[in-house]
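Structures incoming, each one as structure tokens.
Next come two complexes, and both contain chain A; in the first it sits with chain B, in the second with chain C.
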Partner chain A sequence: MSSIMQYNGAAIIAMVGKDCVAIASDKRFGIRNQTVGCEMKKVFQMNDKVLVGLTGLASDMQTLEQKFRFKNNLYRLREEREMSVTAFSNMVSSLLYESRFGPYFVEPVVAGLTEDGKPYLCGMDLLGAPVLTDDFMLAGDCPEAMFGLCESLYQPNLEPDDLFEVLAQCLLSGVDRDCLSGWGCVVHVLTPQGLTTRHLKGRMD
Partner chain B sequence: VGRPACLCRVTLETHAEQQQAKRGEKRARMACATLSPGPLTLAAAPKEGHSHGASERGFYPYDYNGGTTLAVAGANFAIVAGDTRMSSGYNIKSRNVSKLFKLSPNTVLATAGFRGDITTLHKLLRAKATEYQQKHGEPIKVHAVAQMLANTLYGRRFFPYFTWNILAGLDEKGIGCIYSYDPVGNYERVRVNVTGSGESLIQPLLDNQFERQHQQGAPRPSPLCVDLSQEDTVELVKDAFTSAGERDIRTGDSFEVCVITSQGGVKIETYPLNID
Partner chain C sequence: SERPTRDATAQMSRRYDSRTTIFSPEGRLYQVEYAMEAISHAGTALGVLATDGVVLAAEKKMTSKLLEPARSSEKMYMIDDHVACAVAGITADANILINQARLHAQRYMYNYQEPQPVEQLVQRLCDEKQAYTQYGGLRPFGVSMLYAGWDKTHGFQLYQSDPSGNYNGWKATCIGANEKATTSLLKQEYKDGVALTDALQLAIKVLTKTADSTTLTPDKFDIATVTLVDGKVKYSQLSEVQGQALLDAAKEETASADA
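This part shows the complex of A and B:
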């Protein structure tokens, strides 16, 4: 029994640290069981303080990324300022709910720093129902695997480097038990100083 | 021996598929009540040809009572643990039912799955182990229990015990040994195993902490046993259960950790978990 959300395969985890957030995704692009690409981008940076990761149907992921950019640019032109992460996540939620009876098959995770520099995490289902957490948020095809790891390995108030390590271990070990995600991972760590991106090699299968 | 007709299409389903089947069956029941029957995707289907009215499910001989069991083999110890919740559907039937069963002075069996089959299986094995002890004048060894359990399970290949077993003990050299089983008796000696409803949650944690494949320069453990000390392993097992108890609805209430050593024999300790 295959669901449309598992057609392409993806895994995203985001975690909160001490005045920083980190978000990681795998890199596999597949069509059912066939792997078609190994460098797929699933986490997109909208501005200095906002990152969004998308899982689900790849086609909808890419369409929505373009729509987010469009709305972000329009906001910037009209308001002459950058969109805050709370405004962005509300925008994502509304955009998804507009298609309530023909939804986009994505589950986004929005991570960023608010205007006060505090970390912000918001996960949504495909209809846009938001969930705010202060520890971690994940989405993808292997949620149980990733939940087990995150619950065990996460601790609050980690420094950016430690947060990177914990997040990388959670994602890499989590996707090892899932056929539809993997082929390495990308970890983005967002601090008030800036964004650091690291590409990691995991089990390439 | 007569088998119920509905069993002709019984296939062993994993927990996830069984849940799918339960949901599918609910949908099928609602579909039958309102419209003509749609495609039914479960093993024991209601009678074909119902065109209207609520359809009655035929007798389904299994239930899934949940729970997680975990075992680790160490250099001179074996640890096996299981939670104590027994659930059925979304209800909790009991908060204090043990999944661990001592078969001989240094062998413990942990079983998750359908409680009816678990009880019967344990009763049968206890009888066989006692008979062995009386015939041979010594308690049955782990590898013999392992084979006996496999044969018992395969004896019911076409109406299986709905059980997921892990057998733990000390082998003849005193090294911990763990045997993990599927419901029809395939078994293998492994180093670490988790089974039951929290399997998908805990397995990657064990991969990460014992195999250490993503930790550069970390030592790889030997094939038969883990390289952690007994205290570290018990702590890891406790963490694994606490995490599974948070996110798995069928795991909770409390869990028992049983440590088997040559000096200490079998020692069981109980720790609390969330009761939600």
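This part shows the complex of A and C:
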């Protein structure tokens, strides 16, 4: 039973901490059951306060990232300010829905800080239906395993370093249950002071 | 404006004015020339090419006290991270062209995943302008533009385009009011291989001499640079403080030159 959403393999989890958000992804790029690359970028920074992670079909992920940059650049030039995370999230949702009858096979997770500095998380399905949460959001090929870990390990109001630990453990353990994602992970922690990115090595299989 | 009548006593040339898409008997496109006439009433904008950057300077015409201070300039615009432009002419027309330029640049980036070379951007925009002189019966854009940018093939570049859709690359040039006086000054003073700091001084010096206002103050002009910082192109508009510093330096220079 092959789904197009599982053709390449990906896993993304984002979590909310105390005045910060973190988003992590695996690094595998595969074609069905063959692993072709181990350094695939799945989380993209749009500006100082907005990150977006994409799962699903790799070519749609790449195309969408390029479309996000296109719209982001024009927004910045015309409005002379950066796009807020809520505006970006809505833009992604609209963009996906525009292809309602021939959709992009991606499930994005938008993570960022609002203009007030509050953490913001939004996950969407491939048609752009948004889900806002204040704890964690995930997307990928093995959601059941990741959900289990997040539900157990997540606590609210974690400091950035603790959030990093919890998120990293959830992702690394979650992808171990899935043959289509893994090969290490990248964790981005966004605070009002800036973005910290860490690459971690997990089970390389 | 009023359409010329088919009256036999009407001047010969006016019969050809009402349509952009035909030549006059002397081989001129009157609508294009009238557009340039409109531009000659707009605030001067000039550009100077240096070895390490490009300077754009423009005199602002709309300086009423009643104006709500605008965050953005009426003369200078960023088109993409690596290209900026200064305009002279009808601001509303300029807005359309700027928007088109921005779309061209982003579409190129989307297709090729690298910044559009400056000349290509200029050429695309000029192709649009040219269309209004040949098809559709619409009037040309009443804007001339100066483009300042950098790309990895040709480094820093300065271009000028006008309503006809013609463009040229320049070392130093100007558009708008007092164009002749400004051009002759630039011709006298410009030296090849000039550095950005000297280009800035030259721009201010020329602007002070040809500006409509007797004493130039920082709120009456915009000055911006396109440079490379850490390998990335940076467009920066000078603050009023920096503008004032340049004015003071120019004043000193003229004072010491006269002394």
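Worth pointing out:
One rule holds in what follows: the second predicted complex is superposed on the first by the 205 of 205 C-alpha atoms of A that agree within 3 Å, B and C clash if a C-alpha of one lies under 4 Å from a C-alpha of the other, contacts with A are read in each partner's own complex, and residues count from 1 in each chain.
The definition used in the following text is that a contact is a pair of C-beta atoms (placed from the backbone, for glycine too) under 8 Å apart; a residue touches a chain by one contact, two chains touch by 3 or more.
What you are looking at is a predicted structure, and each value in this text was computed from that prediction instead of being measured.
Within the superposed three-chain model, A:G202 lies in touch with chain B and out of touch with chain C [touch as defined at top]. In the superposition on chain A, A:L149 contacts chain B only, with no contact to chain C. Residue contacts after overlaying the shared chain place A:Q66 against chain C, while chain B stays out of touching range. In the superposed pair of complexes, A:Q169 makes contact with chain B only, with no contact to chain C. Once the two complexes are laid over each other on the shared chain, residue contacts for A:L74 go to chain C alone; chain B is not touched. Of the two partner chains, neither chain B nor chain C is touched by A:V131. In the superposed model, more residues of chain A are touched by B than by the other of chain B and chain C. Shared contact residues of chain A with chain B and chain C: none. Touching chain C in their complex are the following residues of chain A: 66-67, 69-70, 73-74, 77-78, 80. Chain C makes touch with chain A in their complex at residues 71-72, 78-81, 99, 102-103, 106-107, 109-110, 113.
Put simply, chain A touches chain B in their complex at residues 1, 142, 144-149, 151-153, 168-169, 172-174, 176-177, 202-203. Across the complex, chain B meets chain A through its residues 20, 41, 198, 200-205, 207-208, 213-215, 239-240, 242-244, 246-248.
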